[in-house]
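Here come two complexes built around chain A, the first alongside chain B, the second alongside chain C.
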Partner chain A sequence: MKPLANLLPHPLPPAAAYGGAALAALALAAVPFVLGMNFGNSWVRIVDFALLYAMLALGLNIVVGFAGLLDLGYIAFYAVGAYLYALLASPQFGLHWPLWAILPLGATCAAAFGVLLGAPTLRLRGDYLAIVTLGFGEIIRIFLNNLNAPVNITNGPQGIANIDSMSVAGHALEKPLVVFGFPIPSLYLFYYLFLALAVLTMFICIRLEDSRIGRAWVAIREDEIAAKACGINTRNIKLLAFAMGASFGGVAGGLFAGFQQFVSPESFGLLESIMVLCMVVLGGMGHIPGVVLGALLLAILPEALRYAARPAQMWLFGRMLLDPEALRMLLFGGALIAVMLFRPAGLWPSAVRRREFAASGNGT
Partner chain B sequence: MKAPMLAVKDLRVAYGGIQAVKGIDFEVGTGETVCLIGANGAGKTSTLKALARMLPASGSILYRGGDISHCPPHALIGQGLTLVPEGRGVFARLSVEENLDMGAYHRAAAADIADDLARVYQLLPRLKERRTQLAGTLSGGEQQMLALGRALMARPQLLLLDEPSMGLAPLMVRKVFEVVHSIAEQGVSILLVEQNARLALTVSARGYVMESGLITLADRADRLLGDSRVRQAYLGGE
Partner chain C sequence: MDIFIQQIVNGLVLGSIYALVALGYTMVYGIMGLINFAHGEVVMIGALTALSVINKLAGSGLPGPVVVLAGLAVAVPVCMATGFIIERIAYRPLRHAPRLAPLITAIGVSILLQQVAMLFWGRNYHTFPAVLPSAPHQIFGAALTDVQIIIVLLAAATMSGLWLLVNRTRLGRAMRATSEHPAIASLMGVDVNRIIAFTFVLGSALAALAGVMVSANYSTAHYHMGFLLGLKAFTAAVLGGIGNLGGAMLGGVLLGIIESLGAGYIGDLTNFCWWSNHLPGGTGAGLCEQFGDRGFLGSNYKDIFAFFVLILVLVFRPSGLMGEKVAERA
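Presenting the complex of A and B:
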């Protein structure tokens, strides 16, 4: 239970830790019911997406937060996972592979793309690496956009529709599951699946951070030459960071395709990459709970603003002055700036980062 | 001189078309401290980086009798060859103790590592006081001590020191050299690259003078200290 205990400020006795974990699990299990009954099912859908973003942010955090490699094209791996699912489980090629076969394949395939991106950029850092990764992300998107000729693979800009829904233990998640005569809506089932995988991702990340590999990533982030001098094979360890980060993106992408049952290149633009990067930075780079918080907030906040914009204006001015759509991005941008000004280390930084920023604030 | 720990023949390093090191030969004996002195841009750091296999170079590098000129850089530390990079290169956002642990990254035996940690703390008690502090918040001299301590955690047989005096106050420089001297007394061979020629020559048995990519003088350290050319060029001599 060491990794769980690490999330808490003080190590708890085992009984309390298990009790706390059970309570947390119960609370998380209740989330879709509370949301669905009070605010409607569209909110459950928003939370489902937020969990996918949490997986993406955790994956990107390995590359950016642990290994210190700035990646602006991360969404490409999400696209790889999503299109792999779309091609293997849709009428496009008449293939209908099961979820359990596609997800590991998606992870592997995305990891291979991660290495493909990592290998030529091994000597680059900072701004230069950012530009190359940005280009990589765009290349993948443009490929998907144009792979409808001469041989049609991706359907081009039209995207792939009628993708199979995911089936877990023989039950297609697009249909409600009846438990003791009580139907659990489909959106709730997706929530549980995504939650389970997000928790698993988080667990893997915590174990990685504690491992030899995690220490090597941090060493490379801090000083690459010194890391080499300490006997770290920087080439392999950096490639591993790209591959691991990408594989989480690939899994999240597969889930996205099965959830939406439709993919098209426009879901994988530069703005999405930047959004995921914002989640990592805003939450607290390198700090796993912070990154998850950042992902959930940034995925949910714009939607909340969309719903709040109309009533807020009616209440303040008595009429609609601004289109909610325009206002929500304005407020969102403002919130980002405010967080970076007042909490430069992120909303929930690790203890080390907090100390560091506190020290530099005092002018020492 | 005893059997050489390191024997370098015709070492050349080039950045693009510019030759930084133009074919040099030198040796470091077992248990010997040797310094490589010279002005800025003479090719000292390039030489050291080439030895640590962090720069592509030609020529032969024999370390304990085996050619390491095709050995990957991360494998050297396991053979007892450890570089302390220029500008300290501590892991700023790790604590002092975590930095020291990284020095033993390639080793598996936890008990031995704990022993070595105790030994490093004995040699550098200041680090023990600050073990939980972030390395980036240490003073320059303490960071240099930490870099030395981290290198010792690897149980080196040959230590490559790149400008340990760089950017340090004179008092701190002397302390760093005292530590270098006590490391040498434990039997570790040291190749020291320095601009502070006087101090480097006082701790070394022999010295090489480098000028624009070539070794121009090689002699016992005490003779170099007395040499009029060295005095004039590097010791602010009269």
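Presenting the complex of A and C:
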């Protein structure tokens, strides 16, 4: 049970660590009830999505934050996972596989795509890699959009509907679960499943970061030639970063398909890739708590803005000046610029990175 | 054969436009080593500004070319101002920041520009009014409109002008010096900040011209047109060798032709019946019967050619067709 204590920044004495962890777990378990009672279930839904985004951001953080490989097509792996779930558990092909069979398959499949993308681009770096990955993401989306003829696989732009819900331990999560006569709504159940998987993802990331592989990734990020000289097999380690990051995306995609029960190519556009990248960069690249913070903020704040836009404008100007959707995107674009100008290392960078930024700021 | 020539001609027209946009990318990259992600949006702003003016003047009885020139005359300064502001706000403060930071601000700028354009011009498609003659000429069996001829000629003239500016003037020498080594250029008395701002403004002027051309060619424009166009133009710049002006022109024209040929022939190439008709001995006739006389991939896949070309170029010749070898360190 030692690893639990490692989740905290400073090793605490075991009793305090367990107490803190128990408190945190209680608080997290209470979130859907508090939100649902006070603001309505749509907010629980938003938090469910935020947890999915946290998983995605953690996956991308392996590629961008640890290994320093800029990936602008990350959402393609999410799409692979989601479509795999949709094809294997829907009336599309009449297949109805269980969740626990699809998720590992989705992770493997996405990892294979990750290697497929990584292998030809190993020699590229920086901006070039960004553009190639962006192109890769678009290629996947265009194929999903058009693979309905002559053989109908993805059902084209209409997407795949009526996807089976996920069922855990024999209970389909789309129905409320009755515990001691008290019904727990299905959105809450999804929350607990996603929370468990997000914490597991975070745990894997933290363990990876301190492992041999994690240190090899950081070495490649800092200086690839030096890393090679130190005996790191840069080719395999970079491919591993792509595959690992992609597999997290694949799992999150499968969860997305089972949660939404509908997938269409529209959900996997470039803007989504950019959104996930922004979560990583704004939160603080390579710093796991920062990345999670970035994901939660960027997933929840725009939705909050959507709700607040109407009353705020009514109060300020007495009428609606801007469409809430446009306002949301305007603020999003503005926030990206502002954060990069004033906190180029992100909102919550790791201590090392903050020092590096401070040093380079004085140096040049 | 007629179809082949027609596709080549269409590709040439499309390629001239790509080349103009690619020049904007390549100039900025050459001078600052930065991908100006928002460049495609500048093209969009140019196209929509010009269209608003052209639509206003279309019913006034002025001759068509004058109307279009008036649109261009408004669009160019608007785009130049946009480019100037973008550089000032999003790039200049981050000149010494790590490379990811300007990339993120560029994405922020392009989201902002798109939303502003949407608020201004709405979500609908704007059509280019029929102010220019559209009767096609027959040249070697290919149909070619006046607009298309003007596009190719004007693009060629602009690019020659740019080439002269960069290679034959003091300003051009300062630009080349800055791209070689900004610190040393500034020691030699070049005002690097001004040169960089000028590069952005110049690229944006070309973008405005390209925006008018692309909306005249497809007779439509909307707030979302910048992204894909920008991406393809960037591909063209990389294909030619980024940072190299001649490369951007060559890459643009090549990419236009590849895309247009690809869109024209992908249906045939993925059709078993077409193969069995053209291969000796009717190979694949069985497959033809099985799958019917249609291609697996249609022209709706035309947008992926640019990306495949990009990936192939970067894998096999990362420095592009005309670029010098890229240094090992990023």
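Everything that follows uses one rule, which is that the second predicted complex is superposed on the first by the 351 of 364 C-alpha atoms of A that agree within 3 Å, B and C clash if a C-alpha of one lies under 4 Å from a C-alpha of the other, contacts with A are read in each partner's own complex, and residues count from 1 in each chain.
Everything that follows uses one rule, which is that contacts are C-beta pairs under 8 Å (C-beta built on N, C-alpha and C of every residue); 3 or more make two chains touch, one makes a residue touch a chain.
What you see is a predicted model; the values in this text were computed from it and never measured.
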Field: Side-by-side fit of chain B and chain C on chain A, or clash
entry: fit
Message: Between chain B and chain C, whom does A:A326 touch in the aligned arrangement: first, second, both, or neither?
response: second
- request: Check the residue A:A216 against both partner chains and state whether it touches chain B (first), chain C (second), both, or neither.
  value: first
- prompt: Thinking of the overlay built on chain A, is A:T234 touched by chain B (first), by chain C (second), by both, or by neither?
  reply: first
- prompt: First (chain B), second (chain C), both or neither: which does A:I225 touch?
  reply: both
Field: Partner chain in contact with A:I300 - chain B first, chain C second, else both or neither
entry: neither
- prompt: For A:A308, is the partner it touches chain B (first), chain C (second), both, or none of the two (neither)?
  reply: neither
Task: Have a look at where A:T121 lands relative to chain B and chain C in the superposition and call it first, second, both or neither.
output: second
Query: Of chain B and chain C, which one touches more residues of chain A?
result: C
- line: Once superposed, chain B sits from chain C at a minimum Cα distance (Å) of 10
Statement: Interface residues of chain A shared by chain B and chain C, listed 225, 364
Message: Can you tell me which positions in chain C touch chain A when the two form their complex?
response: 34-35, 89-90, 93-94, 96-105, 107-112, 114-116, 118-119, 227, 231, 234-235, 238, 291-292, 294, 296-298, 300-301, 303-304, 306-308, 310-311, 314-315, 318, 328-330
- prompt: Inside the complex, what are the residues of chain A that reach chain C?
  reply: 70, 120-121, 123-128, 130-132, 134-136, 138-139, 142-143, 145-146, 149-150, 225, 270, 274, 277-278, 281, 285, 322-323, 326, 329-330, 332-337, 340-341, 344, 360, 364
Query: Taking the complex as given, what residues does chain B use to touch chain A?
result: 52, 54, 72-78, 82-85, 89-94, 98, 101-103, 105-106, 134, 136-137, 147, 150-151, 154
Query: What residues on chain A touch chain B, complex-wise?
result: 212, 215-216, 218-219, 222-223, 225-234, 352-353, 355-356, 359, 364
